[in-house]
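For clarity, chains are labelled A, B and C in written order, and residue numbers in each chain start from 1.
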Amino acid sequence: MHFFRWTRGKGRGISTDTLGESLFQWFSTLIALGVVGVLVLIAIVLFFEAEASIRAFGWSFLGGTVWNPQPPLLFGALPFVYGTLVTSALALLLGVPISLGIAIFLSELAPPWIRIPLTYVVELLAAVPSVVYGLWGIFVLAPVMRTAIEPVIQGTFGFLPLFQGTPIGLDKFSAGVILAIMIIPTISSVSREAFLAVPDSQREAALSLGATRWETTRVAVLRYARAGIFGAVILGLGRAVGETMAVTMTIGNKNVISVSLFDQGQTIASWIANNFTEAETPLELSAFIELGLVLMLMSLIINIFARLMVARVLRQGEGAA
Amino acid sequence: MATKIRVESLSAWYGEKLAIQGITMEIEDHMVTAVIGPSGCGKSTLIRCLNRMHETIPKASVEGKVLLEGEDIYASSAVSVRRRIGMVFQKANPFPTMSIYDNVAAGLRLNGVRNRDELDKAVLESLKQAALWDEVKDSLDKSGASLSGGQQQRLCIARALAVKPEVLLMDEPCSALDPIATAKIEDLIFDLKKDFALVVVTHNMQQAARVSETTAFMYLGKLIEVNNTRELFERPREALTESYITGRFG
Amino acid sequence: MKVAFDRDTRRHWIDLAMSIAALACVVIAIIPLGSILIEASLRGLQSLSPALLTSTTGQGGIGNAIQGTLILILLSALVSLPVGILTGIYLAEFGKNRLGAGVRFFVEVMTQVPSMVVGIFIYSLVLELGLIGFGSPRLVFSTISGVLALSTIMVPFVARTSEEALRLVPIAVRESSLALGIPRYRTILRVVVPSASSALVTGGLLGIARVAGETAPLLVTAFGNNDWFRGLDQPIESLPHTIYIWATGPYVAQNQAAWGVSLVLVLMMLGLSIVSRVVIRLRSVSR
């Protein structure tokens, strides 16, 4: 394919180098590198701004539970990390089974005429802005949670510390539920791609042994696609961790670490959204930015891990057994 | 010999396209029936109708009867039919995420067999029947995909045999294999007919002549001639048959 | 060996139950979507009025918010579309080596950076630049700041969709142009890009629709403004920001009106989506 490579000195090739060629390639390369440079710049700027806070608190920043903007200035990230982890975990717990159910339905069970419209509808879930989810969360979901769902859960499972306390509706539970809804399009579409990569010969093998459709899905499809499903779930986690507005509007905004899901909480993103502009001292600003750095690192690690998994699955599909 | 499967006026479509037309024939028990014919003649479609795999293709349809020991297979559930009539495919398709043991046991587990001893026994028997036991007995927990092409195909045969079907359908089982692996499978076919009725689709006439007692020749979706193998090859009744076996086309 | 009859029925019931469960999952996912659309329509339509659309948020309307969002997304598009598409061109046409793979990977990673983090990044950047003399620290809360933040989100997204769009153009198209002796860069600009134009436009419009709904980064950059657009160096209002303020405020009338604003925002995003489809339709007709 020598059209796509510069012929260098040795080969017999005719030089296709004109000034315009080089210029254009260099220009577009520069722009692309510049874009990546912005990512590097983000890291640099955030580290630079967070330095004061890092120097002041070191590792105890992650374990600190107090955020005191008045002297003695003390800032700790634990309540926010806790809130982020709890709401994301709940989002996965609720969102993954539903996403897989959707992916299985769309890829294995649905009659062909309904596949495209339904796929489109599920993708519409991803098009709703986060702030509109938040609005819905405050005025539609929270009341339902407060008056119907949370009392019922408390009625049956109230002995668990997980479900104690007075249900207000705007709490970690509601935030987790909304996050679950928001990550469903991501997890179900990536899972669906993983299912589509399963060769039909696998399904035929199971069917010819006398397996029912569900058994075929379980034995031939889900097992084969499990790395892809795992990747999809991690991608969903990455989205949940970084989600801001819907969470801020439904989590109750209290910097408290508590076991019960029906209590208010705070995530890293929601705390920054609420109070970044109220930072009173340079050290507090630095602490906020350190928080942002923590969030970015969490999100980056999760997403890189997920992409590596998904890439591995898609490569495997091409060289299938 | 008893008739195991009787096909009556079987026709099958892919959507609007007619693939096989008015096939009537009998499959005898404890014998190998070969189905030959040029590409596109409908031989794969025919055997896929015998275990109701044809209907897994969207918009596929069938007309006519297929009777397994007198019972119409289209009147019971596809799942139960496929348990009694097993299939081996052109390209070996073991489950790559499962071990050799789990591959063979897959069909049994689906049917609810949980007892470890029962499974061990069945896996042993099936792998022996498929002439694969000696080669894998020390590596049963290796991945099903780690075997060679010929071994994988024998693994798929073992897997199909484990659920103790009454009939085994083989769709060009050797076409992706080298001559040595092919020979091993042909030997296997010879052994298997003690216990089952076998239907082997092949594009290799010599293979059909080697392994089968009955041969059916198909062309453009129709059954042109079916007869005792020697008769069909030495004294074909139809001109078309003669043209095909003498290599004039296909 | 015939399998016991009751074992078979049990498996069939499980099969049926699982199919129903899968369908139920689809229904469960659609319920919130339906609820949002219904609530936005019912509650939203009530609060919409011509007065709402022409007065500022200071006066209880959303005119300046609409204006703000339009200005923000237009300026962001002006910056992001060329940069994003050029990056996409690089990735699709020159990015087949290791450098290209690296760039592709990092561009992917950039699409996943939380938007809140992008916001505080731009805040810090503008602040520091202002402190050393580029601009002024005051610019942290300004239209420019908001545009920078939205562009940082939009560029990687557009780069990815552009790369995919250009990849769809068959190699044969490039080869026939090169075989005519047309230099590479002209082939790309005059042959490949135009033939991928509808997909490129769709990608661009999707990117715009996406940033039109972004709130978090604007909280710390564009900030918000109760008056009409006053200048690039001034804070600016936007529709998502207004939704946030009105939804979390204490006045019930405002809470209700937030639905109306949501409706306007969603209609705007829908409009962009429809425009992109029309463009595709027009392009394929003119072929």
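As a working rule, contacts are C-beta pairs under 8 Å (C-beta built on N, C-alpha and C of every residue); 3 or more make two chains touch, one makes a residue touch a chain.
Predicted model only: the values in this text are computed from it and were never measured.
Visitor: Think of each chain as a node with edges to the chains it touches; is that a line, ring, star, complete or other?
Guide: complete
Visitor: Go through B-C and A-C and name the pair with more C-beta contacts between its chains.
Guide: Greater number of contacting C-beta pairs: A-C.
Visitor: So, what's the distance in Å between the C-alpha centres of chain B and chain A?
Guide: 48
Visitor: Please work out the Cα centroid separation of chain B and chain C, and write it as a whole number of Å.
Guide: 54
Visitor: What whole-Å value do you get for the distance between chain A and chain C if each is reduced to the mean of its CA atoms?
Guide: Centre separation, chain A to chain C: 17 Å.
Visitor: Using the touch definition from the top, which residues of chain C touch two or more other chains?
Guide: In chain C, the residues touching two or more other chains are 11-12.
Visitor: Which residues belonging to chain B are in contact with no fewer than two other chains?
Guide: 79-80, 83, 110-111, 163 - these are the residues of chain B that touch more than one other chain.
Visitor: What parts of chain A, by residue number, touch at least two of the other chains?
Guide: 212, 215
Visitor: Touching chain C in the complex: which residues of chain B?
Guide: 77, 79-80, 83-84, 110-112, 163-164
Visitor: Over in the complex, which chain C residues touch chain A? Could you list them?
Guide: Checking each residue of chain C against chain A gives 11-12, 14-15, 18-19, 21-26, 28-30, 32-33, 35-36, 39-40, 83, 86-87, 89-91, 93-96, 99, 102-103, 105-110, 112-118, 120-121, 123-125, 128, 152, 155-156, 159, 174-175, 178, 183-186, 188-189, 209, 212-216, 219-220, 223, 240, 243-244, 247-248, 255, 258-259, 262, 265-266, 269, 273.
Visitor: Would you mind writing out the residues of chain B in touch with chain A in their complex?
Guide: Residues 51, 53, 56, 58, 79-83, 86-87, 89, 91, 93-98, 106-107, 110-111, 144-145, 156, 159-160, 163 of chain B touch chain A in their complex.
Visitor: Can you name the residues of chain C that touch chain B in the complex?
Guide: 1-3, 7-8, 11-12
Visitor: Under the stated contact criterion, what part of chain A meets chain B in this complex?
Guide: Within the complex, chain A touches chain B at residues 112, 199, 201-212, 215, 219-220, 223-224, 226, 320-321.
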